[in-house]
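Right after this note come the structures.
Same chain, two partners: chain A is paired with chain B first, then with chain C.
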Partner chain A sequence: MRPPLQPNRDTDNTLLAVENVSLRFGGVKALTGVSFDIRKGEIRAIIGPNGAGKTSMLNCINGFYHPTDGRIIFKGEMRRKMRPHVAARGGIARTFQNVALFKSMSTLDNIMVGRSLKMKAGFFWQLLRYGPAIEEEVAHRKVVEDIIDFLQIPHIRRTPVGRLPYGLQKRVELGRALAMEPDLLLLDEPMAGMNLEEKEDMARFIIEVNQQFGTTVALIEHDMSVVMDLSDRVVVLEYGRKIADGTPEQVKSDARVIDAYLGVAH
Partner chain B sequence: MDILYKAFVEPFLFMSEAPDLLLQTLWEGLVSGVLYALIALGFVLIFKASGVFNFAQGIMVVFAALTLVGLYEKGVPALLALLLTAGVMLLLAIAVERIVLRPLVNQPDIILFMATFGLTYFLVGLGELVFGGSPKEMIADALYLPQGTTELTLLGGPVRFQHLDIAAAVIASIIIAALAVFFSRTRIGRALRAVADSHKAALSVGISLNQIWVIVWFAAGIVALVAGIMWGARSGVSFSLQIIALKALPVLILGGFTSVPGAIIGGLIVGVGEKVGEFYWGPLVGGGIDTWLAYVIALLFLLYRPQGLFGERIIERI
Partner chain C sequence: MLYREAGQFKTTYFSDMAVFRLREDRTGLAVVVVAAYGLAFVGTDFLLQAVLIPFLVFSLAAIGLNILTGYAGQLSLGTGAFMGVGAYSCYKLMTAFPDVNVIIWILVSGLFSAAVGALFGLPSLRIKGFYLAVATLAAQFFLQWCFIRVPWLVNYNVSGALDAPLRTVFSIPVVGATATSQARYIVVLTLVIALTWLASNLVRGRIGRMWIAVRDMDLAAELIGIRPLQTKLLAFAVSSYYCGVAGALMVFLWYGGAEYDVFNINQSFFILFMVIIGGLGSLIGSFFGAALIFIMPILLGIILPALLVPFGLSIGAETIEHLRFMIVGALIIFFLIVEPHGLARLWQIGKQKLLVWPFPY
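Here is the complex of A and B:
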C-alpha cells in the first residue's frame, strides 16, 4: 500500500471537479447535489451500495448523461452538454461495468480502435496503403503491441474477443482505454466477476498505469479490501447523495458509511 | 411420370447437350448477380453501422441515376455531372443524418424503418418535381461505357458477351473489392465495424456516431449511383427501377444482413438461380418464374439457415 497523498488545496492540482451535480430521470433522482474533485495523478474510488448512482456519476463525467443541474469542470474548462466522443477527445477514457467490446473483432483490432483518435493520415492514403499512412499504422501498431505485452495477453492477439473468458475481456477493455493515452481513466467495476488471481493482476495493472504513466484513475469498485488498498481518496455515495469523502482510513471509520454498508438498527 | 421427367431429367439433358447455352445463361446470371450484390451492399453498409433497414435504398438508386441524367440533359458535361451527382449524394447523406437519424436516435428499429419509408416518398416526389416523371435513357455513351457485343465460340457454340455487361461486372467487382479493403484496412473502416458491434464502446473511444452515419449513407449513395448507372444502361432510368431493391431482399436473406461477402455470394446465387431457372424450368410453368424464384430460394434458406450464409448467429439465453 502506498502512503496517501497529502491533502492539497492547490486548485491547479485538480483535474476534474464535480460541482453540485444532480441527475433526474423523470421522477427518479439518480444523483442529488454531488460535489467532489479528482486530483492529477491520484487513484480516486467511488463506492456505495447498489443503486447509489456510481455508474450514473461516471456516465455524467464522460458525457453519456447530461447532468440536470450543476456543472463538471475538466482541466479547468466548464463543460455543458458534453458528448461522449468529445470527452474522449479531451482525454477521458473508460471501461464499462458489463464489458462493452467489439465482439467480432480481434484483441489487436479492438485496441487499435482505441488509437482512432491518434491517427491522422487521410483515409484516401490509407486506402491506397501509401507511404505516410503505412508508417503511421506501423507506429500505432507498435504502441498497441506494447500495451498487449504490458497486459500480458500476447497469446490472444488474434482471437475475436467475443470468444474470450470474461476476465480476459476486461483486460482487453482496459487495453483499449489505455491505447487512448488518457489523462483520466474511468473504470467501472474493473474487478467485478473475477477470481482472486485475476483481481490481483488487475489491481497490479491499475497501480502500474497510475505510477508509470501518471494516469489519473477514477474507479468504481465493490470489493472493499481492493478499494482500501488501491485508492488515495474515496468518495461514498448512497441514494444519489454523497455521504463521505476522504482517505480510505477516514471513510472506513465514518459512521454513515458503516451504516450504509452494514445497515443500521432503527 | 411425364411431369417428373420434364422437371428432373429433361433440363439436365438439355444442359449437357448444349453446354454453350448453359454458359450463356450462367454468364447472364452472373452479371445480374453482381448487380444485385451491389444493391444489397448498399443495404448491408447502412444496416451494419446503424441497424436501420433502409427501405429507401431502391429509390436512392433511381434518384442518383435520375440526377445524373437530368444534369446532363440540362447541359452539364457528363463527367462533371457524375461528380455533381456524387456531391448530391453527400448532401443527401448529411441531410438524412441531421433530419432523420439524429432526432430518432435510440428509438425502436421499426420507427427508423418507417422513417426510411418516408424518405422513399420524399425522394420520389423530389425526383419527379425536379426532373419530371418520364423515363429517361442512361447516358452510357457520354460516360464512355462500351457498347456492342463480342461473340466467342466456346464449348461448341457461339456465346455472346455484351461489352456493357463486362464493364458492369468489372466496375461492380472493383467497387466491392474497394469496400472490402476499406472495411478491413482503414481507420474509418475499423471504426465502422466498431460501431456495428457496440455503439457505446465506440462512443467511449472517441468515434462520432454522427460522422460514421454520414460516411455510411454517403458510401451507400455512391453504391446506389453505380448501380443506377449500370441498371439504367440496361433497362432505362425510371421510377419502376426501384423495385430492383425488392430483389435485394432475397439476396440479403441468403447472405445475412450484416455480411459484405454474404451480399456478394447471395447476389450471385440469386442472379444465376433466376436465369438458369427461367431458361430451363420456366417453360414448364409457362415462363416468368424469374419474378418469384428468388423469393422461393430465400424462403427455403430461411427454413434451414435463418441467419443467412454469413450472418451472425443469434443465440439468446432465456
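Here is the complex of A and C:
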C-alpha cells in the first residue's frame, strides 16, 4: 500500500523533541519521563493500550497541558508554558479523537476559520468588507476550495457540519487542520469509528498530505495494520512510560510491546 | 415561481460570497428600504414616533446584543447599562461641544460604551454562560448607580434627568422639542441601515467566523490560533458600541429626554428576549424579535377593539391591556415551541421551501 521510503528524506532533521516529559494530575501520573523525537517529513505513530497517555502526550505538545517535568523542543526552540493558540501560530495543527468542529458552521466556513491566522486585513477594512478585506477573503476562499477538492468533499460545502456523518466530519476536521498549513500535524485517532473504505480514504489523505506538502505527521491510532502501513517510526507507550521506539518492524517484534498488547502470563 | 436560484450562476468567489446571493433577495431588500424611507412621508406622527422609531432603536440594540450573545456566545445582562453609557456620553458631548453635528456625537458616544463594555467583558476569559451573565449584572448595577449618583453626567441638572437640547442637521432640527418625527425617523433609519450593513460585513468575514468559532467550541478555536480573550473583548466592544448608539438614539430621538431608570435591568431583559425570540446569531432575527416584542402589543391594542366592533361589544381599556399581555405571552411560547432557534430560522426555512415551491424537493 505504501511506497518505499524516499531515499532523499532527511532523517537527521529533528522537528520536535520531547525530553523526559512527565505529567501528573495530583496523584495520577499520566506520563513519566517520556522522551522521543519527531523528524521533519516523517509520519510518526504513537500507540499504546487505552489509558497509556497518548492523548496526554499530544495535549502537552500543543499546549493544552503543561508538562510537570521535562521539556519540549519545537523547531530548535525550548518552550515552557505555551497556550494552544501560540502553538498554532508556531505551526502545530491538531485534530481530536471525538471531532471538535464548529457545529453550526458550514464545511466551507469551518475550513475558512482555519485560515484565520493567515488573514491580515484590519478591523476597519473588515467593517467595510472592501479593499484588502474582500481581496483576502477571495484569495483564501481559493485555497479552501483546493483543500475541499483534495479531500473530495465539494458536495457538502454548504452543509452545516453538525448534520454530517461522522466519517465526513473527521475529514472536515482534517481539512481545517490542513488550512493552517502546519509544519506539524497531530492526528488523534483519525480513523476511529470508520469503516474499511473510510479508513482507506483517510490513510490515503494522510500519505498524500505527508508526501505532497511535506507535512510532518504525528498520529495516534489503534488499528495496527494502519499504523504499520503508514508510519515511518512508532513510539509505544504503556502506563505513561515509553516501552518501545523504532520502525514498525522493530516495534512489532519487541517483547514488551507484545506483552503490553496481549498481556503477560502470570 | 418568483423565487428561484436556477439560472443565477456564480462565476467568481466574489459574487458567491455576496450577502444576498439571489437577485430576488436583492430586489426584496431594495423594496423594503425604499418603502421604509417612503413611510417617512406618508406615515402619521403616531406611526413614526411611537412605532417605527422605537422599533428601529430596539432593533439596533438587539443587533448589538446579538453580536455578543448570538455570534460570540457570551451571555450578557448589561445591555441596558451599555445603552445608558451611550446616552450619557452623547449628552456630555452634545452639551460640551454644541456646534458639532449631533449625528457625529451619537456615533462617537458608542465608542465610550464600547470601552466600558470591553472593560466589563474581561471576566469572560474565565467564566462562561450563566456565571458570565451574573458578572455582567455587576455592570448593570454599577453603571446605573453612576447614572444616579454622579451629577456631572447630567451637567449638575437639578432634575437629575437627561434633556434633549435643540440640535440641527443641515439646519433641520432632529433633536429637541421642535424636531419633527419625520426628521427624527429619517436620521434613525439611516443610522440603523448603515450600522446593520457594517455589522453584516463584520459577521460574515474573518472576525465573524472567529466569534462563531469561540461560541461553538472555544477549545478548538484556540487550537487554530484564535486568541480567546481578544476575540471575546472585541465582541464585547462591538456589541456595546451598537447598544450605546441605540441608547443615544433612544433618549434623544425617541424619548426626547430620560431618567436613569430607562436603563435598568428590565431593559436588558427586554432586549435579551428580542434576541432569543428573533434568533440568536442572525441580524435579520434582531429585527423580527424587536417587531414581535415591541410592535405586536401595539398592533393588538388596535386590532382587538376593532375586532369586537362588528359584534357590538366593547371592552374596557384595562381588559385590552390584560389581553395584550396574555396574547403576546402565548405567541412567544408558541414561536419558541415551533422553532426554538427563533423567527430567523422560520424565515430561512420559509425561503428554502419557497425556492423549490410548488414541489416539495
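Everything below uses one rule, namely that the second predicted complex is superposed on the first by the 254 of 266 C-alpha atoms of A that agree within 3 Å, B and C clash if a C-alpha of one lies under 4 Å from a C-alpha of the other, contacts with A are read in each partner's own complex, and residues count from 1 in each chain.
Rule of thumb we're sticking to: a residue touches a chain if its C-beta (ideal position, glycine included) is under 8 Å from a C-beta of that chain, and two chains touch if they have at least 3 such contacts.
The shown structure was predicted, so the numbers you read here are calculated from the model rather than taken from an experiment.
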When chain B and chain C are modelled together on chain A, clash or fit: clash
Touching partner for A:196 - first (chain B), second (chain C), both, neither: neither
Partner chain(s) touched by A:134 [first = chain B, second = chain C, both, neither]: second
Touched partner set for A:142, first chain B, second chain C, both or neither: second
Partner chain in contact with A:28 - chain B first, chain C second, else both or neither: neither
Contacts of A:102 with chain B and chain C, given as first, second, both or neither: both
Footprint overlap on chain A, where chain B in one structure and chain C in the other make contact: 62, 64, 83-85, 88-89, 93-94, 96, 100-105, 109, 112-114, 116-117, 119, 121, 123, 126-127, 129, 176-177, 180
Touching residues on chain A, where the partner in the complex is chain C: 62, 64, 83-85, 88-89, 93-94, 96, 100-105, 109, 112-114, 116-117, 119, 121, 123, 126-129, 133-134, 137-138, 141-142, 145, 176-177, 180
Touching residues (chain side chain A, partner chain B) in the complex: 62, 64, 83-85, 88-89, 93-94, 96, 100-105, 109, 112-114, 116-117, 119, 121, 123, 126-127, 129, 176-177, 179-180
Of chain C, residues touching chain A in the complex: 12-14, 16-17, 198, 201-202, 204-207, 209-210, 212-213, 216-217, 219-228, 234, 281
List of chain B residues in touch with chain A within their complex: 178, 181-182, 185-188, 190-191, 193-194, 196-198, 200-209, 312
